Amino acid sequence: MNIDDLQGLLPLLTLAAGATALMLQIAFARNIKLTSFLAVATLLAATLSIVWAGESAPRFVTPLLRADKLALVFSALFCVAGAVTAILSMDYLNNRGDEPEEYFLLLVLSTLGACVLAYASHLASLLLGLELMSVSLYALIAYPDKTKLPLEAAIKYLVLSGAASATMLFGFALLYATTGTLQFSAMAQQLANIDTGNITLLVASVMIVTGLGFKLSLVPFHMWTPDVYDGAPAPVAGYLASVGKAAVFVVLVRWFIASNLFRFSILIDCIALLAILSMLAGNGLALLQTNIKRMLAYSSVAHMGYLVIILVVGSDLAHRPLAIEAGMYYLIAYTATTIAAFGLLTLLSAGKSQKENIQLHDVSGLFWHQPLYACLMLVALLSLAGIPLTAGFVAKFYLISSAVSDGRWILLGSLAIGSSIGIYYYLRVVFYMTRRVEEHKNIPEAAHGLIEKFMTCTLIASILLLGIVPQSLMEYLRSILQLVN
Amino acid sequence: MGGLQVPLEHVQVLAALLFSCGLLGLMLRRNIIFMLMSLEVMLNSAALAFVAAGAKWAEADGQVIFLLILSVAAAEISVGLGLVLQIQRRFKTLDMDSANRLRG
Amino acid sequence: MMESLFYIAAVVALSATILALTRANAAHALIYLIVSLLAVAVLFFLLGAPFAAALEILIYAGAIMVLFVFVIMMLNLGEAGEESERKGLHPRNWIIPGIMTALLFMELVYALEQVPALTSGVAVSPKEVGIMLFGPYVLAVELASMLLMAGLVGAYHLGRRFNVRNVGSN
Amino acid sequence: MSLAILIGILLVGGLLALLADRWGDGTPRWVSLVTIGVALVYLLTTVADTAPEYFNTTAAIGSDWITYLKLDWIPRFGISFELAMDGLSLLLVILTLLLGLIAVSSSWSEIDFKQGLFQANLLWTLAGVTGVFLAMDLFLFFLFWEVMLIPMYLLIAIWGHENKAYAAMKFFIFTQFSGLLMLLSIVVLAWQASLTNGSYSYSYFDLLGTTLNSNLEFWVMLGFFLAFTVKLPGFPFHTWLPDAHTQAPTAGSVLLAGILLKTGAYGLLRFAIPLFPEASMNFAPIAMSLGAAGVIYGAVLAFAQTDFKRLVAYSSVSHMGFVLLGLYAWNNIALQGAIMQMVAHGVSTAALFMMAGAIQHRLHTRDMRRMGGLWHDAPRMGACALFFAVASLGLPGLGNFVAEFLVLLGLFAVNPWITAIAALGMIGAAIYALWMMQLAFQGKPEELREFGDFGSREMATMATMMIILVCLGMYPQPVLDLAQPVLDSLQKLTPNIEAVVALTQVGVMDQ
Amino acid sequence: MNSLSLIPALPLVSAVLLMIGSARLSKRVVAIFGVGSVGLSALIVASVAQDFLTTGEVQTATLWAWISVANFTPGIAFYIDGLTVVMMSVITGVGFLIHLYSVEFMESDESFARYFSYMNLFVAAMLLLVMADNLLLLYLGWEGVGVCSYLLVGFWYRDPNNGAAARKAFVVTRIGDTAMALGLFLLFTELGTLQIQPLMAAANVQWSGGGTLPVLATALLLGGAVGKSAQLPLHTWLPDAMAGPTPVSALIHAATMVTAGVYLIARTHELFLLAPATMQAIAWLGVATVLLAAFAALAQNDIKRILAYSTISQIGYMFLALGVGAFSAGIFHLMTHAFFKALLFLGAGAVIHCLHHEHNIFKMGGLRTRLPVVFASFLIGSAALAALPFTSGFYSKDSILLAAWALPDIGPILWAGGLLGALITAIYSFRLVFIVFFGEANTEPDKQVGWKIAVPLMVLCVLAAFGGWIGQPLSEVFPATADFHNVAHSVEYIGIAIPLIGLLIAYLVFLGGQLSVSKLTDSSLGKALQNFWRDGWRLDALYHNLLVRPFTGLARLCRNEPVDIFYNSIVSFLRWSHRGLVSLQTGELRWYATTMVFGLLLLVAIMLRNAS
């Protein structure tokens, strides 16, 4: 391992060093201001470090990690998302419980895990990244210590996620038994000689897909999603919904590409089935939800359904570049949007009223007494619904373009039906937000610091920018993906 | 050492059995402690499968992964048990069927 | 000899696991689980992984199970919970999980039939493992340390309040 | 550039209106009025500069655009910011702005809650509709198509009446779902074109000649057709309309009926038919049947209503059935009729909705059973209502008649039987229009009712619309001339149409 | 050219001005505008007619090109020939008199200006109808008069019955109009123009007589004519239309609008000549209407309804004339009918005006001495209506009957039918006179007629009496009809005798009492028949059950949007599946684990199934 290798790992190193520093700082002198500053600084520094890290990319840093542009882009995304979550959480934590410092430490560790996933090119790093992210999240979910719900959410997540991990590990073991290697690209060479009907291999893949599908909350592995989102603190739920999923998806795509699992058409069919189920059931489940967090949870089920379409499309080599590009764009757009939506919930529940479960009637009339936050929510919801001028639309357009070029009509049909159902529940929130003042009573206390306002504007701007001028990001993704492939 | 003449298949079947037992426990038990134990069993079965596969290829990777699984299990269980303590404190029970506020 | 040892250990591991998961008393279950882990350690040893076998005993059966014991003791889970646990284990509750598990197991067995080859029985010494750990897997070790830190911090945060303010408001 | 500026004026005006709430109570509506006025003046001056050439050329397609603008936007997919205007778009944009003014006028005293936001949404809807009429890039077109829904949605959802949630949602979901199908169709079309052209492009001009296999062409065409027919609205996709109209505030209804529905007709004329001439031709009998069914069904249901706005809404369904008929009859006369209907219906229905709004504002009900004898209290209002009622039943001398007559006249050559069925709609129109007059304005006036007649602002608005309708009815030639080059070029695009027409022709000739 | 366009323009402008200024103008100004504009028009018409009679030249004028799409290029253009001159004269002349009459009749009405505005609008539309050089412009006038009729019938809008009558009038005629519109489409599609003269020329070239197309086209046009002229089977609106002010009935529902159908057929007679089947149908329709309406008139008690049925019946004669090809005779009867029927209506109006709006003839009586002017006018009008010798009606009706007789084959049957109609006409018209003006006085008139009523009555008296001698410049317009002079004199004598017999019967029954019909009328059959006729042969009820009820039933059935059932079922399905799915989210950890295992099981099963 030489200095170039380390340079490629710069974001990871920054995060790890930051985490250690945070731990020490907490151990010696508890100071929430300092801790939060340090955490945000670490995350931002990690973001910036990709500029230098990019100079040495692409390269393998030990067989475990591959530092390429893709890894760096997504590391940066996760770090930014982490930083935004950290900033949005400050006010929230100030009003929740004592000893809030570890929260930031765990957040940094979780981000580290997500970044490792973006780098992963080996089942070991996949496992570690995933677990690092998850274990930190268990603690983050249960962080507030005054109510029961976070605890319940955390234990549900822990048990089920542990079972999913075990399933995935069992799949790894079978895979290892068949191929004799754990590294993605080496696996590709072994797999190339294996008959596409090899049962052990297929069962192994399916178990791994189960494990990762659980993290992505694809139907029927989605059951935990609403409960965990509902119980978790809003910022953590946002982080889990965005980074937690994007990282897993990135590694899934990497694994599929690197070891060319697209050959196994039956596997692809299974994924298509999961996609269809997720799109339909996710939207169906969200339909009449009055709890906004649960609604967003089910909607994320549906969105993951949309997203895995690109794995199906990618099975055709001719359309794979477009599909992967679309998927990456979708991830970025979805991350921004989800962070924004949950960010709003964070801001709304930041007050001392300790209201954790934001119901529809809680946002009633939001347009009139918190116009800025309402705009954020509006933009986020429209983006989730895929209305033009927002990131979500361009992403969906991208997705449709790739699916159309591969002629996946059934998936497209499900997407159309799912999206239309989706419009109902997204718009219902908008409708509630626009209700007249006299029609609602309980206004949740919202945060109103300058930083929050600034973050709100930034999030709105980013969603709109991604939706209005997507060209440069598209080109960039295209260029780096050509290198990856 | 060496000279064990058991088909790898049998080891894998044993791992699968243990894995299934873990799942059974997960589906059957209501007490969170037992659920965590089931989890341990499942992780352990995966570890067994890995070690067996490592033995097949005569590589150290299997054991390395075992080590990693071990640390994963340790981390998960430590957080899990921390949660168990809190659950007992808040819900006054470890029965997950009754500690069930989130649904629908 | 080795073979029969293997099968004995396998039977022990399996039966101990089943017993562990069907006990009503948590402490009893834990003992069975430890037995199961020890049996698995024997299997590791037989499979030529002495390093793994040692870790299984030291860390799994030793450290992790002790955590369980500690929690069980701390929560004083005794006769009180047993009755309800027994009720939970009523045969009626077994039907669906049992069928599903059996199905899954059969599917897995069917799939595993295709795993080729026999064990070579070649032992992989702790030294080789060590070389791997600090060779290609060095970053994994580092990451494992981070993972453990996360676990530690999480467990600390969650566990620290237990005795201080025992009476929660809600 | 001028077209982008036109849309820009409306967008910026909307922002100003939003801000104007702080400057004073009535300011937003003035801002709104001035903005639309400025946009209208700007449009007319620009057109005056360039238009003469347009009207003098009888040149081939492509050159007969009054102005044209193309900026790269998302080169990755060959998407550009491409706007162009020909006679048809010019006509519809003028109609849009004109009805914008009328909508502002109709909301003058009605809206007292968040006036700034209201006017902003109104202006943004106008901007979106203008964009729809001008966009020549299919992606851009879709963007405007969808985006204009949001301010419209807000108009209904915030300022609507008692059942606004349901209506707004229904409106949005219908249009969104069909819009999504259209998006799929657009993408499929662009993808197919890229297979032959080698690169992606969403430009209308690049996609025009795309050849698809007939099966695919049918489905893609259907995607477009559904989106546009839902918006039109054609039977049986119309059910969102009565609800949306009924619940919308007056200005919303005016916009909805006056111009939003026209985007559907425009889309059919501009995109669905020219892009897929053969599939459209094969589909024409079904489309025309739907049109005729809409004409009859709308008329029957309009008669059945007791809610003033609902009645007018169903009359829209009936009238827009004529547009569908005219478009798919696909000859010069019928097409001109369809375009005429778009304009005339826009004005007459907008006026009727304004009438309904005025009554509701005064009586706090739309239920015609609770009206009666309003003529006595408000003779001016009654006279206006009468005028627009007979306009909507197709009285000769007013714009609607010219439209319906041309449609049916053109259609007769194609399919006399459908013409005969659709003509029954004329009887139905008489029945419901007069029934409406009877219920609301005739009969015994209620004593002791405070009911103010139209003031001068309302009368001025009404008079404007009356004059427009009379002009359209007695001298429609300018409108026809404006649209003619468009129709000519469309007919040039599809030289084999005549043959197909001959095939689908049923009837008298054979006897 | 300018003067031609002024003819319809003057009343039109006046109508618009009156509408705008209705609230502000005084009644005197309104009257000056309303009457004056029509009067001026009448003067211009007179000069135009003078020109025409001296030069005999057809005048045309194109104001502007109305629509120009492809080969469809109707203009706002006028075509003035003999027929038009006759029609214009009748419209403006009679129209002027009725306007004048209205000034006094409507004096006390609060909507005075509105009334004159509508009336002027009507005159303008009617003039457009007759002056149009193309069928589209004719159609404009055609619909325009329909709307005015609607407005005026429902003039007293507070009574819902009036509104109903107005709507009925409009909708029923609209049914005919729709047929006519289809006819226009057919004509244009086949012949490529709607300009009347070129159209007829083209038809003569392109169509062979008796072909399907001419029959179809003329049948559709006939549909329009039947509707507007209240002929079978679309006549039911006219009796109800009497709900409007009486001068309106005189102008619209007697003198002008209802004869528009006659005008249309006469105007496009060359088309009809190509379709003998249609012609025959017209003749039969005419006779049937004559008889049906005459019998119905016999049983009415309402003075205006008697006149209404009589109008239907008289227009039936005109149709008979058209059907047998005697176009000049038809138009001649149109003109004389305009005179005497306007006279009768105005007279009836005067009676009603003086008797506190009493309509029932049995509540009148003995008015001969109390309202002498009115009596005189009624007497003359009835005589003309009954076609007593040497009145205007005699000449016109006689020529029609002779023309019918002259027709081969079916001629005598038509003639006999017409004759029977004439007999009954005489009976009912004098029944009216005898009951209202003779016998016991049941009501006292509360006022006398002023000069504005008396003058029009007197002028019309003169016209009704001597109008038969007015020559009509129609020889250029229509083909020459067969020569009647060789018709047997007996036929002529019968034609003269029949009305006199009718008069005699009426006298014996209603005045002298020598001939008692009470036995007949009191019998149950007689009563039933009487009621049957009074209700207009129960056609209204028939239509109500056959058309109106199904339509309203359908509308009621559809009121709540049946299409929505489909969409709602989708929504219900979604809700249902939502509930189903949500019920799976129990929150139980064990269950969640079970679903995961289930998913795994499923995926593995798919793998095994496909791999094996």
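Each chain carries a letter (A, B, C, D and E) given by its place in the written order, and its residues are counted from 1.
Everything that follows uses one rule, which is that contacts are C-beta pairs under 8 Å (C-beta built on N, C-alpha and C of every residue); 3 or more make two chains touch, one makes a residue touch a chain.
Everything quoted here is computed from the prediction, not taken from an experiment.
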Those chains that touch chain E and also touch chain C are A, B
Touching both chain A and chain D we find E
Hop count on the shortest chain-contact route linking chain A and chain B comes to 1
Top of the farthest list for chain E, CA-centroid basis, is C
Taking the mean of all protein C-alpha atoms as the centre, the chain whose own C-alpha mean lies closest is D
Between A-C and D-E, more C-beta pairs in contact link D-E
Per the C-alpha means, the centres of chain B and chain D lie apart by a whole-Å value of 65
Chain centres from averaged Cα atoms put chain B and chain E apart, in whole Å, by 95
Distance in whole angstrom between the CA centres of chain C and chain D is 70
So, in whole Å, the Cα centroid of chain B is separated from that of chain C by 5
In chain E, the residues touching two or more other chains are 582, 585, 587, 589, 593-594, 597-598, 600, 604, 607-608
The positions of chain D in contact with two or more other chains are none
Check: chain C positions touching at least 2 other chains come out as 96-97, 100-101, 104, 107-108, 110-113, 115, 137, 140, 144, 147, 150-151, 154-158, 161, 170
Listed by label, touching pairs are A-B, A-C, A-D, A-E, B-C, B-E, C-E, D-E
Listed in rising order, the residues of chain A that touch chain B in the complex are 123-124, 127-128, 131, 135, 138-139, 142, 145, 148-149, 151-156, 158-159, 162-163, 165-167, 169-170, 172-174, 176-177, 180, 182, 226-227, 230-231, 294
Listed in rising order, the residues of chain B that touch chain E in the complex are 23, 26-30, 35, 96-97, 100-104
Counting only contacts in the complex, chain D reaches chain A at residues 73-77, 113-114, 139, 142-143, 146-147, 149-150, 153-154, 157-158, 165, 168-169, 172-173, 176-177, 180-181, 183-184, 187-188, 191
In the complex, the residues of chain C that touch chain A are 107-108, 110-115, 136-140, 142-144, 146-147, 149-151, 153-158, 161, 169-170
Chain E residues touching chain A in their complex are 574-575, 577-578, 581-582, 584-585, 587, 589, 591-593, 595-596, 598-600, 602-604, 606-608, 610-612
